[in-house]
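The structure appears below as structure tokens.
Order of writing sets the labels: A, B and C. Residues in every chain begin at 1.
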Amino acid sequence: MSIPPRIITLTTDFGTSDAYVGVMKGVILGINPSVQVVDITHAVPPQDVHEAAFLINSAYHYFPKGTIHLIVVDPGVGSDRQAIVCQTDRAFFVCPDNGILTYLLEEIENSGQHPGNIVKIENRAYYLPEVSQTFHGRDIFAPVAAYLSLGVTLAEIGPFVPNLVRLPIPTLEISDDKLIGEIIKTDSFGNAITNISESLLSRLKIVSGWNISNCEIRVGGIRLKGLNRAYAESAIGKPLAIIGSSGLLEIAVNGGSAETILRLKRGDTVVIQRFN
Amino acid sequence: MSIPPRIITLTTDFGTSDAYVGVMKGVILGINPSVQVVDITHAVPPQDVHEAAFLINSAYHYFPKGTIHLIVVDPGVGSDRQAIVCQTDRAFFVCPDNGILTYLLEEIENSGQHPGNIVKIENRAYYLPEVSQTFHGRDIFAPVAAYLSLGVTLAEIGPFVPNLVRLPIPTLEISDDKLIGEIIKTDSFGNAITNISESLLSRLKIVSGWNISNCEIRVGGIRLKGLNRAYAESAIGKPLAIIGSSGLLEIAVNGGSAETILRLKRGDTVVIQRFN
Amino acid sequence: MSIPPRIITLTTDFGTSDAYVGVMKGVILGINPSVQVVDITHAVPPQDVHEAAFLINSAYHYFPKGTIHLIVVDPGVGSDRQAIVCQTDRAFFVCPDNGILTYLLEEIENSGQHPGNIVKIENRAYYLPEVSQTFHGRDIFAPVAAYLSLGVTLAEIGPFVPNLVRLPIPTLEISDDKLIGEIIKTDSFGNAITNISESLLSRLKIVSGWNISNCEIRVGGIRLKGLNRAYAESAIGKPLAIIGSSGLLEIAVNGGSAETILRLKRGDTVVIQRFN
């Protein structure tokens, strides 16, 4: 019986107009020719660790157990920032220790689980023979991910470490009649994704009798009544609030871009006001 | 003897700056780890079903028989538009029923063949366990395509349906001395592709004695004499007409972009005038 | 024992908004279903042979021995330019004969090695049955690369040829106290890559006692003192000089784009002035 090939995913801010991404794949396939390499995205805005943190957390749940996620958004390359591997119940993450796993670890911890084992990458046997000062994606992260896909264990890669750097991420303000969150990401359709999750909304409903359809949502100077269940429920060009595909409240415009039409951007406040 | 891995292609308007495409690949590989996933494009302009219809028709002929094409340009997601699988002699198409297969079905019918079998996707056994309102590409289309690649049959996916939605597509006007068509697509080189096919031009020549080299082509305020056989036959920066790689008449500029230089766009009229 | 799948890489100026790249992959997989296809980039600026020449030379070293590199930046398609396969110690290159291998061949020759065997592609048995005037990537280069991956030999593809077209590439001016080079490429981070290599700097140091840390680098109206070893050694927003990941001197800005902030572009002069 044949074992399915391991998957290594790539999430970077390298763009796709240079050879950098292709080179990382060459390094990986040189070490493990039968691995499947899958791009998540290479269009993280340059050095935007927060965006990478959001994206990897929205993606990794959908890959098979044991997938290795290589995430290289690395403004500190060549400095003394550490390189790490984090192994959770579900996956491996190979990345710089700069906060890139913040959303993912918060979510795991909020669900009451242990975030898993973490090692600092130190064993140069799993690096390329020559290590540059500017491209650890190629020289360290890619080969380490490839060796993991061959069965190398965390203990062989480096010493265990207890904690990782965390980004300051936007928190929610919850009072009796109001929930204040913010937009944490706009996607390429112009949907503005907030940090207000469907599971929180469900919980508030159960505990305090809130009902989102009985609430007003205020964002970017407009007011929306309750939630829609499909973009097409709103007229073309009209804004709506909807639970998006990541389980988060999104502000969208049917057939258009909420980012452009409502001028929404990361950091904008979103208020859910309760009437009842 | 080993069976070659099945191919699933992806054509979407998701862009590649979010995790959406990677997530669909994760879902597919979770169901069938040995399938080959190939991107056709993710840069269909948002919700531009016509462009997707053109692209998939220009591409699918070049993939091996039995390839599964997943096409998700889906402005009606979450509404009552149907999701379908269409099986032709050559390939499977998994997509919303919104006209995305219009060019492909017209071409099959024009060649006198039967367009194949179509089912409505209804069997939730082939969906992800949770289905969102906004991302059927991940929750329905990707898993159905993956199960097809494992050998699930159309009859297991849902009931057969007789017809699909068709887009209104540009038609040709043909008279004794004139052929009027239009530009249906500009590509990234700025070539302006028309709906006038080489096969039509051949047919007209046979039946009525037309000869394209004896015709004038009028488009965007310019006049071209006959057809060129290579871009390089025209001077650098000069426009020309040529049969492009999809077998359609294209307006191009040698070493430049006809779209920019001649300000051509989808919908512009192209007239072929006969002199003889 | 199973043989690892062969790799075919793709480097083109096709962009990813049309179906052209997907179609080439369909053709390749139709001929060899078990090959691994890896994108290097499809964002070479349209018809920019020099950029493609730089990119393939910076990438191919990192792929396993025997990898087949397909490079299609082909302004002369349909003219009498030749199509070739070049086999070096390390890899196969399938491309038009328009200078695309210039950097690669210079580097091989400068290291005292023989550039390898070259054939002109002529055997139509390895083409698609129909060959267009405008898309040899699909009709000739892709199938020839796929047949090479199945073990077809150079001799079967066409007659051996002695020489290839070379691009005029920027040369260095070296005097007793000055080294004058130029910027040959800016990457998507805005790093400005020069034609001054680390190995040349090492050699000059050995022979003439130069020391880069004792030199001034002048470019785009600014002066930099010596080399940094990491981006983070410079303050945020400040320029620096560093040996980049291709082993070439780069001008960068920590946390920003040297291309934008310093207005650097291909062809700009870079002077290294020696003081001692």
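To be clear about the criterion, contacts are C-beta pairs under 8 Å (C-beta built on N, C-alpha and C of every residue); 3 or more make two chains touch, one makes a residue touch a chain.
A quick note: this is a predicted structure, and the numbers were derived from the prediction, not measured.
Asks: Between chain A and chain B, two copies of one chain sequence, what rotation angle (nearest 5 degrees) aligns their Cα atoms?
Replies: Chain A sits rotated relative to chain B by 120 degrees.
Asks: Same or different: at the chain A/chain C interface, is the fraction of residue numbers used by both copies above or below half?
Replies: Counting shared over all numbers used gives less than one half: different.
Asks: From the mean C-alpha coordinate of chain A to that of chain C, what's the distance rounded to whole Å?
Replies: 32
Asks: Do you know which chain B residues sit against two or more other chains?
Replies: 16
Asks: Note which residues of chain B are touching chain A in the complex, please.
Replies: Result: residues 14-23, 25-27, 29-30, 33-34, 37, 46-47, 75-79, 132-135, 138 of chain B touch chain A.
Asks: In the complex of these two chains, what residues of chain A are touching chain B?
Replies: Listed in rising order, the residues are 4-5, 7, 9, 11, 16, 36, 38-44, 55-56, 58-59, 62-64, 67, 187-189, 229-233, 242-245, 250, 255, 257.
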